[in-house]
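What follows is a set of structures for review.
Two complexes, one shared chain (chain A), two partners (chain B, chain C).
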Partner chain A sequence: MSVYLLQTVNGVGIGMLYFLLAVGLSIVFGLLRFVNFAHGVFYLLGAYFCFEAVRQGMSFWAALLVVPLFVAAVGWVAEKTLLRHVYAKPHEFHILITVGVALIIQELVIVQWGPLGDSVAVPTGLEGVVMWGDFIYPKYRLFVIGVTAGLAVLLWWVLEGTRLGSAVRAGSESPEMVSLLGINVFRLFSLVFALGAATAAIAGVLAAPIRGVEPFMGIEALAVAFVVVVVGGLGSFTGALVGGILIGVVQSVMSTLWPEGARLMIYVAMAAVLLLRPNGLLGKGG
Partner chain B sequence: MNRRDLLALAAAGIAPMSLSRVASAQATDGIEFGAPFPMSGPFAVNGKYGELGVRMAIQRYGTVIGRRLAYSVFDTEAKPATAVRKVQEAAQQKNTKFFVGGILSPEALAMGKEVHRLGGVFFCYSGADEITGKECNSATFRWPVPAYGAVAQTVRPLIEAQPKAKRWYTITAQYVFGEGMLAATKDVLKEKGVELVGNSYHSLAEKEFSGYLTNAMAAKPDVLVLLNFGTQSTDALRQAISFGLHKKMTILVPWTSGLEQFQSLGAESTEGIYFGAQYWHSVDSPTNRELITQVTRELKVTPNYTLAAAFICTKCVIDAIAKAGSTEPKAVISALEGMKFEGLTGQEQIRKEDHQVIKDYYLLRGKAKKQMKDADDYVDVVSSGQSFLSVEQAGCKLS
Partner chain C sequence: MRRNIDIAVALGIVVALPLLLSSGSLASEVLIYALAVLGCNLLLGYTGLLSFGQGIFFGLGSYTIGLMLTRTGLPMPLALVASIILGGLAAGLVGIVSIRQKGTYFVMLTLAFAQMFYFLAYSVPSLTGGDNGLLNIPRPPLSAFGVVLWDNTTAWQFYAMVAVIFLLVFVALHRVTTSIFGRTLLAIRDNEVRASAIGYNVPRFKLLAFVLSGAVTALAGALNAMMVGVAPLANAEFHVSEMILVMTVIGGAGNLAASLIGALFYVLAADWLSTLWPRWLMLLGVLLVVISLGMQRGLWGLIEDGFLALTGRFKRTGEIRVEEKQV
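Coming up: the complex of A and B.
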């Protein structure tokens, strides 16, 4: 198998994780017009809660179910007590308060778990690799691709095929109109914010056995999430999916074509999209 | 104390402790040390342990030549420009003359030049050959074995131990340290008639290594060498293990950041992997035994490389101040030059001509978990020795 084909497959795997990381950020912005710089710490919390749950004897599978709910609760509380008070203010306030929340949570993680990174074992049954000729791919990464693909379908259905999704989509167009229709917009905001936190937490849980946990992983995740939503289009679910996979494939293929610039190229790709399509590949016109 | 408590100590203690110590140093005409470390970002872990190493040395001595010792730590953010600015601020605002730190080579090179310009003394522990080579200066000293020696003491014995391993592949962090390690590796492989079948560079910000590992897989090497440092080598190794590469090829990390890397990875990931190390806590030397006693008593942890290196660098400067009987930088530099001392790895000496400490380097091999005698007993020491470029080869002309 050609190394470029291998890199493309690998890039899809990376990209699916990037999608999961970014989709919450995108949905929250789409509905709330809220720039959430604390999104990375939900990923961080997901990874660390998974680490702690497994250390305390919980199975990884249980952690995959429980941790996102727990982080969603953290997001819900943060939204209700802090963030909703600045929705109406300029974006500078959003940035200020979410960066503050992110730094506080990051430091709390350090106080609780220490500055060192740690490892989370790959769940039983998913250790080892799959071989196609010379190509080796970890079973766990294949599992991550499958899970994120399933979650993408589920999220798409929730947003496109349910009453809740209709309200979210309508709310992103005109919150006032949705409110006039008798829907509690603030509850909707809280729910969407919690959903965004939960998706980031799922990404954190799934990433933990691949990358381990370390206190600064949220910063890197946030940077990647922003690249993905800018490429895909702010507020677009499909854009996050396309953007995530595109960025993953670019990063992976460039690891062969121009290894030293692979990291740089994800930002070059973002700049190129901004130049050619300022609203992102699938973003709505401004 | 567990790692959580250690962090609480490190994180909570840094600012108030250093500030109060600065105040007391100024009030009592004390001697101020600057500890420039990356305290944020990907290398913050190393910085936090570095700070603890300086603290251990300062606490042990308390005073020298009748003057109270103090230190303040400042965050270089692992960026040369920030590091230089912080050094300037410390020199101007606190009259700091002695600096210990500089974990990453680019920041160490930049700070060394600045401390030299300001007329101070800088003891660092970065790896690039240039620090005591072409970029050397009279103010800068370096404790660890540089890239050339680290490669010579790891790649060379591994080639001899595995004569059938003829295809090697490297993954290299593209900055001065990685470039130095790669150049030294190429030289040894060429000399030994071993083929370097490929190299993948990566940036200093990289966290995702699966693409580079795919390149390595495609090249079908017998040995994979990870020429990066800190969390990057941890991430690269963790991902290499998940790809099952340790079952298909030998993996060598010629420059491990030490015990914390093993604690982060766990014995399951380090079993059978070869590592190069500047320091390992099981080394039997009087100074190391004293350090272990102090650190386990005060911090309840086993010292790792970053902590130990910061400790010994600080100790060397304090010993030189005592020997010189002065805090005049030129007198301290003269005292340091050629100084022989009982170091962490046994007898060590500072080479007068380039300010490089001559000491052992170790080749380690990860143990199986069931063979570990205690929680930190991750490796067997395979071999150790000293390899250094001559002053002429290194190209150092002290200015």
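Coming up: the complex of A and C.
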């Protein structure tokens, strides 16, 4: 029994990372009606920048703060210089241009760090495990659950409780109207895109000590983020949270029952949800 | 008129490849990927469906022919037919679930299903060979009643067979795209709401296009496995889906001859550049960005414009929808 409890807790940990990955994608889609296929490479960049920072002697904690800012800058520049020019075009071109950006960044990562993966040490102070009775759990994973939960609350507050958040939510309904009300929507787009990149990068930094770094982790993360938003409902904050945790738990529990098929099962779970609820668990009907 | 031009271009390239290339496998590779691109183009260019899941059918085709040729005594043409049928069925399954969704949702689903198929192939090593893939797939001759009609020993002999198959499929797809069915697909691409209001069963047409596309792509995958002699797990990877889509876009969506140009460009560039600079994929990324920003009709559009400029007719044919929408 305790194996399943452990795997469920583990799943919540993985799921919170999945949430972090998906929520940026979801918010960007909500506002810009734009599925960002380069979202995975922001996660990739987060992980690699963290790897490089730690290798250069920077502490993991500093990397956790600085790396997302760097990646947000990359996202901001990409939005300003390239993506902005295709907003008016059919959605195929939104996808193609972000796929192009993703290819360029992924290849740059391989040029810089090589095609093979590497590992990142668990930060000092978080090595080892915690024990409560017969419940044993790695400290770092507990830390990840804590940080992502904190970030989830922070993001929720930003979206629901600040002026920026209300502009974003209003922009999701009607960018024209928000623009007529005197808000610079284009600046809002850039800002939200950079924010989305930053959340993906934080997920990358946090994931690096768990799963190491390798150049193709971006596409894998992108697919998982898609599964999460498809399951939870695109454009919904709560949807990303529920979807992320559900998918994390499915993957984690299945990895004890059928290790080879654990990855497969998250896609099976997605297909099952889709057949029952085509718009996702929390998606709007229609 | 246009139709004859497209078929002439296809025939011209098929005949020119042996004269220009020294490697028969490289020439076969061009036509094999061109088949897969035709399948993708039928969706993107004619139905307006952007699919990131073409690798599913390519990989499935490879595995099917591998299993048929190594474990059953099925003659090669029937094994190819089996791949085509399975590809169509798989496309039907993926299609039923994903076609209910529109726009970007559909695209995300095809990508998720591509990953699903990869992990499926990975988790049933008894059928797919897992990480190693299916090895030692033979390239049997084409024979009927014990008489060898066409030997496939050398790369160029195999090219000839692939070329015949390619041209047959090309002409068949031409018939399809110029038929009433094809015109209906174009109507759906251009205005789905209107097509459905007129009374067309839009999901059914989309599903049919998807099945057709899956069947053609599986045929390409099967021929690829016969050419290289293995059905590797890599054939089911996301990279294959991406590659097929990139070839389609580079060539130009909405025109069948453009698909051949796209595959030709990609395969030759890969062959040439990958020895010079292993990270040449970055250039493809740049090309995709350029195409999205301004060259939306791909290489074919470029060729068409150049040709029209030369012949003094500055009229644009406007194959692909250029719909400007205000943000």
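Everything that follows uses one rule, which is that the second predicted complex is superposed on the first by the 275 of 286 C-alpha atoms of A that agree within 3 Å, B and C clash if a C-alpha of one lies under 4 Å from a C-alpha of the other, contacts with A are read in each partner's own complex, and residues count from 1 in each chain.
Everything below uses one rule, namely that a residue touches a chain if its C-beta (ideal position, glycine included) is under 8 Å from a C-beta of that chain, and two chains touch if they have at least 3 such contacts.
Bear in mind the structure is a predicted one, so any value in this text is a computation, not a measurement.
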For this session: Using the superposition on chain A, decide if chain B and chain C clash or fit.
Result: clash
Exercise. A:V129 contacts which: chain B (first), chain C (second), both, neither?
Worked result: first
Exercise. Which of the two partners, first being chain B and second being chain C, lies in contact with A:E79: first, second, both, or neither?
Worked result: neither
For this session: Answer with first, second, both or neither: which of chain B and chain C does A:E260 touch in the superposed model?
Result: both
Problem set entry | Which of chain B and chain C A:G117 touches, first, second, both or neither | first
For this session: For A:E107, select first, second, both or neither according to whether it touches chain B, chain C, the two together, or no partner.
Result: both
For this session: Tell me which partner A:I210 touches in the superposition: chain B (first), chain C (second), both or neither.
Result: first
Seminar exercise, completed: Among 20-28, 92-100 or 290-298, chain C is struck only by the chain B stretch 92-100
Seminar exercise, completed: chain A positions within both the chain B interface and the chain C interface are 107, 110-111, 220, 260-261, 263-264
For this session: Could you please specify the touching residues of chain A with respect to chain C in the complex?
Result: 29, 35, 82, 85-97, 99-104, 106-108, 110-111, 175, 185, 219-220, 222-223, 226-227, 229-230, 234, 258, 260-261, 263-264, 267-268, 270-271, 274-275, 278
Problem set entry | Residue ranges of chain C touching chain A (in the complex, touch as defined) | 44, 50, 97, 100-101, 103-105, 107-109, 111-116, 119-120, 122-123, 238, 242, 245-246, 249, 279, 281-282, 284-289, 291-293, 296, 321, 323-327
Problem set entry | Complex contacts: residues of chain B adjacent to chain A | 2-4, 6-8, 10-12, 40-42, 44-45, 48, 174, 200-203, 205-208, 210-212, 214-215, 217-218, 220, 231, 234-235, 238-239, 242-245, 248, 260, 263-266, 268-269
Problem set entry | chain A to chain B touching residues, read off their complex | 3, 6-7, 10-11, 13-14, 107, 110-119, 121-122, 128-129, 134-138, 140-141, 209-212, 214-217, 220, 251-256, 259-264
